[in-house]
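Both of the next two complexes hold chain A, though its partner changes from chain B to chain C.
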Partner chain A sequence: MAPKPAVKTLPRRGSLIDGVKGNLQALIVGLKYFLDPKRFTLVYPKEYSKLPKGYRGFIILNKQKCISCAACARICPSAAMKMIRIPVKDPKTGKTRMKQYPVINYQRCIFCGYCVDVCPTEALYHVPYHDVVYENLSEMFWDLETFQKEPEYKTAKEGSPVKFLIHEEYGLIKVPAEEGG
Partner chain B sequence: MVLDVVEAILGFPPVWQVLVVGFGFSLLVSVVAVWFERKTAARVQRRLGPYWASPRLGGLLHLVADMLRYAFQQVIIPRGVDMTPFLVAPIVGMVISILPVAVVPFTSNPQYWPLPPGAMEYSLLIALAITTLPPIFIVAAGWASNNKFAVIGGLREAFIITAYELIAILGFLAVAAAVGSFNLAVIAEAQNPVKWFMLLNPLAFLAVIIAVAMSTSAFPFEIPESESEVVAGPFTEYSGLLYALNMGGAYMRRFIYGILIALTFMGGWAPYNPGEGIFAGYIVPSLIVTVKALIIVLAISFLRAVYGRYRLDQALDIAWRLTLPLALLGLALGIIQAFIGLA
Partner chain C sequence: MSGDIRFYGAFKDELGLKTIPSRRIAKDTYEIFIGPQHPGSGHMRIIIKVDGDVIVEAEPDIGYVHRTMEKLGEIRGWIKPIPLFERMAIHDACNITLPYVRAVEKLMGVEAPERAKYLRVLLCEINRIAAHLYGFAIFGIFLGHSTMYMWAMGDREVWIELAQELTGARLTHSYPVPGGVRRDIHDEYPDMVRRAIRYMRKRLEDYRKLFLDNPVIKSRLEGVGVISKKQVVELGIVGPNARGSGVAYDVRLADPYEVYDQLDFEIPVFEEGDALARTYVRVEEIKQSMNILEQVVDWLEKHKGEPIIHESVSSKYGPVHKKVLQEQRRAKLLPLHATMKVPAGRAIGRGETARGEVIYYVESDGGLNPYRVRIVTPSARNAIAFKYALPGHKVMDLPAIYGSLDYFPPESDR
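Moving on to the complex of A and B:
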């Protein structure tokens, strides 16, 4: 069966007035944005975005509350959290036995917060920041001691806080925010 | 003896006009125009643009750093190129692109005209004739590069030349017809103080602006050098200083066209009447003309933020089907203005 001959059609050309109107409208929109751009680039060392309450930042372990259920390690979608076995002295009987605790690999963590949600005793919690500097990758494997300490917050604290809001006309806009609260 | 000869050469008005106004100013203007283009595009797209090199100047020194980088970059010449045109074309193209300044008067005072008054009678024609030469060297550079992108870019440039040259010349001649003289000084004086041809003959003005945007690869018509299609067009094989000459040449041509437009359509030194002496008679009016030319260049740079790039056939369609009749209408309007004695 022979292929059907395809007829190439060109889109119909609009009228001259439409073309002039469209060009003028484009220029007016460009001028409007040129005069009032409402930029939303985050000028990072001079500004930092203020993080909201409940921000899913770094995850810290409260070892006293941990009951070694391993729910966090099982739910972790990126297999960042693992359980390790360490010897613990039982205060009642005085005998030493092995107990499981979670440790985390921040090379793999995607900060989804499932482990914090699933923890039955609220032994895991988020700190509300994300900007921590590591000098090499092996520092991002946290052992049990590091996992209990909140890391040093190294964001640009000398700048001013800003937050991003939805604007009806411009989409996303940047407004200065109050620190604290 | 030697000093006398040097002094005679440098004291010859066309020479220092080309060196100071032509080369110095156009280098400065091209830096400012590139900066303005990047900054405007960033502003309209709600970004920041060049900033960190000098936050107080809004990143203007970023362009100086770019120029220094081009100046000290290694110039790589591929083995397959046609060596002589490859090296000569960008240099000669840039030199010729600033040559029209040699015949342009910046004041109504005949003492400071670059040419004797008899030769000034044809200054608009001479300047227009020289502005049509540099694209030939762009085509030659593309052909000598021995590279398919460069050849395609040169071919596109050739198409664009044939489209815009007639429009630009007809647009400028509309003003010459209205005034009845090819003398740029007479044309500029005829518009004093506010009878600017930009207002009297907007059709020719629009046609000339579109033709200038086409000739210097300004944005809606940035077809020969479109990065996404042909790497850098005719300049694909160039690197270092030769590439900077090529790219700066387009901005310099835009500035030279801006000077011609300022003189013919925007009244030249119009609100000001040049007086006697080097300061009142030459420096102030030439600065006024330069500022007007800079406004033209920056207005064309602004188009980058608004328009996308046309295809070659769309650009040729606009040139032949819309802008050429516009230029012819402008010419007719100029002749009518000459007939009723408006200008």
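Moving on to the complex of A and C:
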């Protein structure tokens, strides 16, 4: 049970008959796929692929769970996530004190998901979509309010969801998926 | 060889590698700049000199997509360079980052658990197949065979889908981390892999009929761009290009990492050294990778629930971390990963990517950042092959040779 080298020989170009045979073979394969093209098209705005649950899409903050540890901002490889300080009223004492919360710049984010993985309280989570369009770049700087709500997934409103399955015969096939983002 | 008269392959005499018969040529050769934009695999220029239609001299001109990977790797801590180094060979992400992770693991003195090793091999082989199919697609379009381009790109999608199911991202997986991997497979995953393998085996048969056994393709590749065994050894060419010339060198064979020494597979070697041989190496490698995948998913099915991250990390897990690991099969990172310190020392990580051997030299001074990360990528070592494979051929053969070498500029320029 170990890798071993295996010296193999190339099939060489043979006689004229082989050439004719090769050409015919290629044409027959072409004809086969002409008659039965095993392909599909994702008609994008009308259909969209519903991505699985673990997909690393947009990152959203659940502020209630956040403990202001700043691990997400420190691990961010592209410095997309930054901590801001905002005054928070303490419900017990009634005093206001400064507390840190993360905000994100989606111009820089590379969706590596390190921040989600490093968050000790699961305050950050991925939504399984990424095709959200912004009219201008400044909208991609998310403040604390925007960071807490999931971005509107307009594709889901206009199109019907499909998902891709791996099929023995067809490679990928598309099947309708349940509704919802 | 002095004065105005040049010889075919005159520069070869410096190394004593004479493969093309020398012939006197006129001094009025044309210089043609091919690239940096061309329908190939990225930005790279080849400056060729032609005598009539025959290439006399070729000079690969690299550096158009240089992104200072090595220097950037020195300022981002230990875990952040992983998404960065993926950008070298984006469709081969796990293969290209794994040696770095292994070098860091060596410095830290940790070893990934068995299941994590198998999961790494799983993604590595998925990446290898996807990268070879990508190479095929580019090769097809180079030769004007657009059907092959469409087919290979389409079938690559199957493997990308598998990688996405495993890691959550199509290409930039950032999957291995020092000490283990980030995610585990779900229960239906082995069947998905098996279905994809059965599909790909059928498709490879169609590929053979349409592309490899096609007399037109064969006559364009056979005997074209021959690199002799001696040349391969002297120039330090690696990967499928070396194995196509009869050099049985593969890191998985020479220095097995992860669990490659426990798996049963072949390293295909062809003696001919021409473009057709290099193409066949890739086809055979796809087949072998599928054999590996079958063994790996069998093992993973038998050993469910084993740890996927090293004890030094999992022992510090709190209740939330444990819950996530059990329910979502995600191994969370710890806040200490962000400001990780690695003991001082030097380590070398080697790995076999789809294009050949990648070497990381990682040096630590015990601080927050690597002191030095030196990367030698396979394409950087294969770039010199253009200089020796092209002369003597017609300009028409250039796409065939370029495509067969499977050169990937972003990987080479780093």
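As a working rule, the second predicted complex is superposed on the first by the 143 of 181 C-alpha atoms of A that agree within 3 Å, B and C clash if a C-alpha of one lies under 4 Å from a C-alpha of the other, contacts with A are read in each partner's own complex, and residues count from 1 in each chain.
Criterion: a residue touches a chain if its C-beta (ideal position, glycine included) is under 8 Å from a C-beta of that chain, and two chains touch if they have at least 3 such contacts.
Values in this document were obtained by computation on a predicted structure and should not be read as measured data.
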* To do: Using the superposition on chain A described above, determine whether A:Ala26 touches chain B (first), chain C (second), both, or neither.
  => both
* To do: In the overlay, answer first, second, both or neither for which of chain B and chain C A:Asp117 touches.
  => second
* Return first, second, both or neither, reflecting whether A:Val133 touches chain B, chain C, both chains, or no partner chain. => neither
* To do: Determine, under the contact definition given at the top, whether A:Val43 touches first (chain B), second (chain C), both, or neither.
  => first
* To do: Spot which of chain B and chain C makes contact with more residues of chain A, would you?
  => C
* Using the superposition on chain A described above, determine whether A:Phe34 touches chain B (first), chain C (second), both, or neither. => first
* chain B and chain C contact sites that coincide on chain A, given as residue numbers -> 26, 29-30, 33, 39, 170
* **chain A - residues contacting chain C, complex** => 1-13, 18-19, 22-23, 25-26, 28-30, 33, 39, 51-52, 54-56, 69, 71, 74-75, 77-78, 110-114, 117-122, 126, 164, 166-172
* Which residues of chain A touch chain B in the complex? -> 16, 26-27, 29-30, 33-34, 37-41, 43, 170
* Structure fact -> So, in the complex, the side of chain B touching chain A is made of residues 40, 43-48, 51, 302, 305-307, 322
* Which bits of chain C are touching chain A when the two form their complex? -> 76, 79-84, 147, 154-155, 157-158, 161-162, 164-165, 167-169, 172, 174, 182-183, 192, 195-196, 198-199, 202-203, 206, 209-211, 213-216, 218-219, 222, 246, 248, 250, 252-253, 256, 260-272, 276-277, 280, 284, 318, 320-321, 324, 328, 330-335, 337-339
